[in-house]
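Below, chain A partners chain B and then partners chain C, in two separate complexes.
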Partner chain A sequence: MNTIIKTENVTKVLNRGRPNEVRPVRDVSMEISKGETVVLKGPSGSGKTSLLSLVGCMNRPTSGKIIVKGKDVAKLPERFLNLIRRNTFGFIFQQLNLINGISVKENIMLPLYPTGSGFPELKKRAENIMDKLGITHRKHFPVQGLSGGEQQRVAIARALINNPDIILADEPTAHLDTKLSGDLINIMKLLKEEGKTIVIATHDPLIYERDFIDRMIEMRDGKII
Partner chain B sequence: MGKHIKILEFALSSLWRRKYKNLGIIMVFTLIVMTLSSILLLTYSFKREAFAILKGAPELIIQKIRAGRHDFIPLSYTKKIREVPGVGKVIPRLWGYYYDISTGGNYTVLGTFRGIKNSINVLKGKFIRHGESGVCVIGKGISQARFAEIGDRIPIKGADGKFHSFRIKGIFGADSNIITNDLIIINPEDFKSLFGIENNIFTDIVVQVYNPSEINNVAARIKALFPDTRPITKKEILRTYDTLFDWRSGLVLTMFAGALLAFVILAWDKATAMNAEEKKEIGILKAIGWETSDIMELKFWEGFVISSLSFLTGLIGGYIHIFFFGASIFSPALKGWSVIYPDFHLMPYINPYQIAVLLFLTVIPYMAATIVPSWKASITDPDVIMRG
Partner chain C sequence: MVVSATLFSVTTIIDSVATSLKKAIAHLGADIIVVRADAEDKLMTALLAGKPSVFYMEKSVEEKIMKIKGVKKAASQTFLKTAQYASCCEVSNILMIGFEPARDFTIKPLLSEKLKRPLLSNEVIMGMNVALTAYTIGATVKLYGRDFKVVGMLEDTGIKFIDSSIFIPYSGLREIVEGSKRKDVKTVHLRKDRISTVLVRVWPGTSPAKVAASIEHDIPGVKAIVSKESIFSIKTQLFAVWRIILAISVLLWIMSLLLIGVIFLMIINERQREIGLLRAMGAKKRDVFSLIMTEASILSASGGLAGIICGSALLYFSGGFIVSSVKIPYQWPSTFEFGILISLSFILSFLAGTGAALYPTIKSAWMEPYDAIHSGK
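So, the complex of A and B:
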């Protein structure tokens, strides 16, 4: 299988040289293949989210290499990282990070605004995804008025609008009940069937005990164990 | 193009999402621009008005100075001044100030002289004929203060302690109010009788100079001829007006400086203090693939919409305040502390240079105050911003 993500001795140091210095990620090396669904498992503070951020080019490692689709992204200039984030990754954040005050459809189309695509194209893509995730009837609603499960679907739709190769999900079931978690897992399965590479940071057994998970990487104190 | 339109659209929706905060900024910003533009427009209009009216004023005036004080000038000076090369007509004038107890105002009383009708030609009613006694022409301010109209009589207490009564023959119109508001013009003989002035002495002498480029030379020659005189050129008078209005506008600016400063600090604080939500929003946009330049464009549009809207509203507000409501807020300070305030209609005029200065002093700092913190946030890694 083709390796799509590879990390080599990645370390992240925060507050370097200060009394409150911490190392959320320590010397992590791993490989994830294209189409694989991987869970980063570990307790709170184990470094799962930090590793996910580093892999998703949302933060830079203090040392080590992060290779995404064959390119070392650790030292790339900011504007290239933006393009990689836009074209390669779809993020599903723990806090969802939707923009309140604008509609479901606008939230979903937001990643496409800087691409310069015409409005009919944006609308078509947004409506396809909303159909797929069953939120079309809510498209004109402001996101803050939706239920937790609906908000989660909007966040997933936004992550998918650019048709990314890799989906990064940080504690996606953290704010969902069992039924909604089940719905989310079904969506993940669909994405896996479409050939997406999925990396999920979680300590929820509802996810990591499912059979669609190919592999688990367990973390503790910033290290892979 | 599609990208920029979408970013502009999102900027407008962002402004709407924070409408109460933005409305507050727009109101404060508008008030600042309105205050500053009112002062600038009013000062500039005063100057234009004064300069337009003084256009027909004499090029050179000779006053006699005694111990540094303005004194009456003997008629004999005119003969010698006429002999100075380059000098045309030489006209002695009579004028003086009169404090009116009944209204508490200071009037300027002027004896008619040759050519006066040409220098103040904005007369309503009729002007005094040559040699006509017991009549006067007054400014609009005096007419209003005294409730006097054409045909009424106006009593003025003379140097002899008796009241001298003058029939009003004409009233100056509002167009020349800045100059004529407190003016009373009477016959020279009446003037002498009123103020108890001897024959053959005058207040000053107006000198016509044929060649305008020779005015300073002629003034120097007269000064050499009569060392006890002070030649005053029209340029000096214009410069004095210029300084006077600059000084007054500076005074008003100083009066409002404290309030303006408070407004500026408030606006600055509102504009620069990016709250956690705004920072997080920048982080989200970065995380979903927006570039720093896209976020800068977004913040530019936000700042541009607020500042241009406030600037235009403030400018229009200032314009209406000055030219339609007679500058009711600042006029007492800018016109002077007289009991008889000139009530005149300023000709609407906007100086592009002043607008550019105002734009530079208000819009540019606001744009900078908006964009710089956003730029700082947008060059930070999205994960760091979103985590706060």
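So, the complex of A and C:
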């Protein structure tokens, strides 16, 4: 089996040593194979988002190992984490987290700026991904003027622009209606067909009951159950 | 902006006043100026504000001063104002400074073109400001009903007291007094044995302060003002004012630093989610840091420049009023000094802006992406 993500006894402690100390992730060990689509399932506060952020190198664990593509990222210096975040992961956030005031194209091109690629290259990649997701006609529009479905596509385009190996999606259908959730699922299916590894944190049955999901990891109180 | 405007305008005013004072006293060319004991303030007003002011003492003072040990040269001057709103004088309310050409050692060195013969009784020398009103060498000016030929012009000293005066030999002054007894001319009440000041030069190696003390001791009722000491004393007063303003400016600077810091903290907090997003997408801490600091630099630089422009406008439109209201001379600094003042004000305001942004920027750039996104929600 070709493991792309592996966690060993990962624990995250917040406010350590204080009366309000919490452990959103406790002693989590799991493995995800390349090309696999996995759902982290559990109620609110079960630690799904925290685990997703640890796996995506957006936060550091208090203890344990997180191995991404064979490298232990838990103790990796910041400069290497930047590269991993930039080249390996594509994030789809619960709130979409688009930047208002700038256009669709600028939002999508945002992850490319730190790469230092030339503008023609950035433009070409953005045009391709917008074509793929059917939002080219909206490229010069400010994102706040788009419909919910269009905003969702922009968020997905932004996650895919760097052609990442792993897509991390945090409650991607939380603010979507059934129709838009269906569209999103179709895009996920396409990504799976392209061989992307997808990790989705959700408690929406619309997602985890679908047959394109390979595996479900259920969480409660920060632990895998 | 406020910091650079305050620092720039205040420092420019103080610097120019100090320079003007130094020039004013240096142009007088005397080590000691002797006046009637109660006329020191009037002399200073005339010197510093260029306001025509007349005061007199006995002419015998000049001879007495000449006998005091350490005195190399002494030359008296007698002040007289031209009549105001009278047809007998072409120039109104101007200070005429009478002097003895044979003894003079202060006026002739200031002539723009040297006069190679003694000044006649119907000849005058003009300060640059008076000359600018229409007179050139060879022109005639009517003073108390008498025509005087302009035979010399002083170089532009920038000192109102010198530039706005007409210098006339004693013989000419006496002719004015005699002539004013005519019915068609305004009467001048000036006794022949009256003078206004005695300018003294001491022998090299002699202390002007000691000579001044001897003058005051030997000649009752006079005040001997040592030029260098008065520069020093005025400079000290100016420095005290400057220190107060500097303290206020430093306080302003610190307050601005805190205020800009708080504003940046608020701006950055508002953008925390975006910053977190950038970091999550692979932007380095350094990228975020330079992004915010570039913005802070642009804001600080524009604030600094705006402040300097506002300060300059303030100086341009109200500098004259401020200076005249405190009765001090004022000259714009040289281009070089201006450059230094502008650079200093700009650097200080730039440092205030970028310095204040430093802490919130570091705090924000060093946050973990996940924490940044969540704290920005």
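Criterion: the second predicted complex is superposed on the first by the 225 of 225 C-alpha atoms of A that agree within 3 Å, B and C clash if a C-alpha of one lies under 4 Å from a C-alpha of the other, contacts with A are read in each partner's own complex, and residues count from 1 in each chain.
Everything that follows uses one rule, which is that a contact is a pair of C-beta atoms (placed from the backbone, for glycine too) under 8 Å apart; a residue touches a chain by one contact, two chains touch by 3 or more.
Predicted, not measured: the structure shown is a model, and the values here were computed from it.
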{"item": "Clash-or-fit label for the pair chain B, chain C on chain A", "value": "clash"}
{"item": "Chain B versus chain C as contact partner of A:Ser117, first or second or both or neither", "value": "first"}
{"item": "Partner chain(s) touched by A:Glu106 [first = chain B, second = chain C, both, neither]", "value": "first"}
{"item": "Which of chain B and chain C A:Pro77 touches, first, second, both or neither", "value": "neither"}
{"item": "Which superposed partner A:Asn59 touches (first chain B, second chain C, both, neither)", "value": "both"}
{"item": "Residues of chain A touched, compared between chain B and chain C (which is higher)", "value": "B"}
{"item": "Interface residues of chain A shared between complexes with chain B and chain C", "value": "53, 56, 58-60, 78-79, 82-83, 85-87, 91, 93, 97, 99, 110-111, 113-115, 158, 162"}
{"item": "Chain C partner contacts - residues on chain A that touch it in the complex", "value": "53, 56, 58-60, 78-79, 82-83, 85-87, 91, 93, 95, 97, 99, 110-111, 113-115, 158, 162"}
{"item": "Complex contact set, residues of chain C against chain A", "value": "273-274, 277-285, 287, 368-371, 373, 377"}
{"item": "For the chain A and chain B complex, residues of the former touching the latter", "value": "53, 56, 58-60, 78-79, 82-83, 85-87, 91, 93, 97, 99-102, 106, 110-111, 113-119, 122, 158, 162"}
{"item": "List of chain B residues in touch with chain A within their complex", "value": "1-3, 6-7, 10, 13, 16-17, 280-281, 283-294, 379, 381-384, 386"}
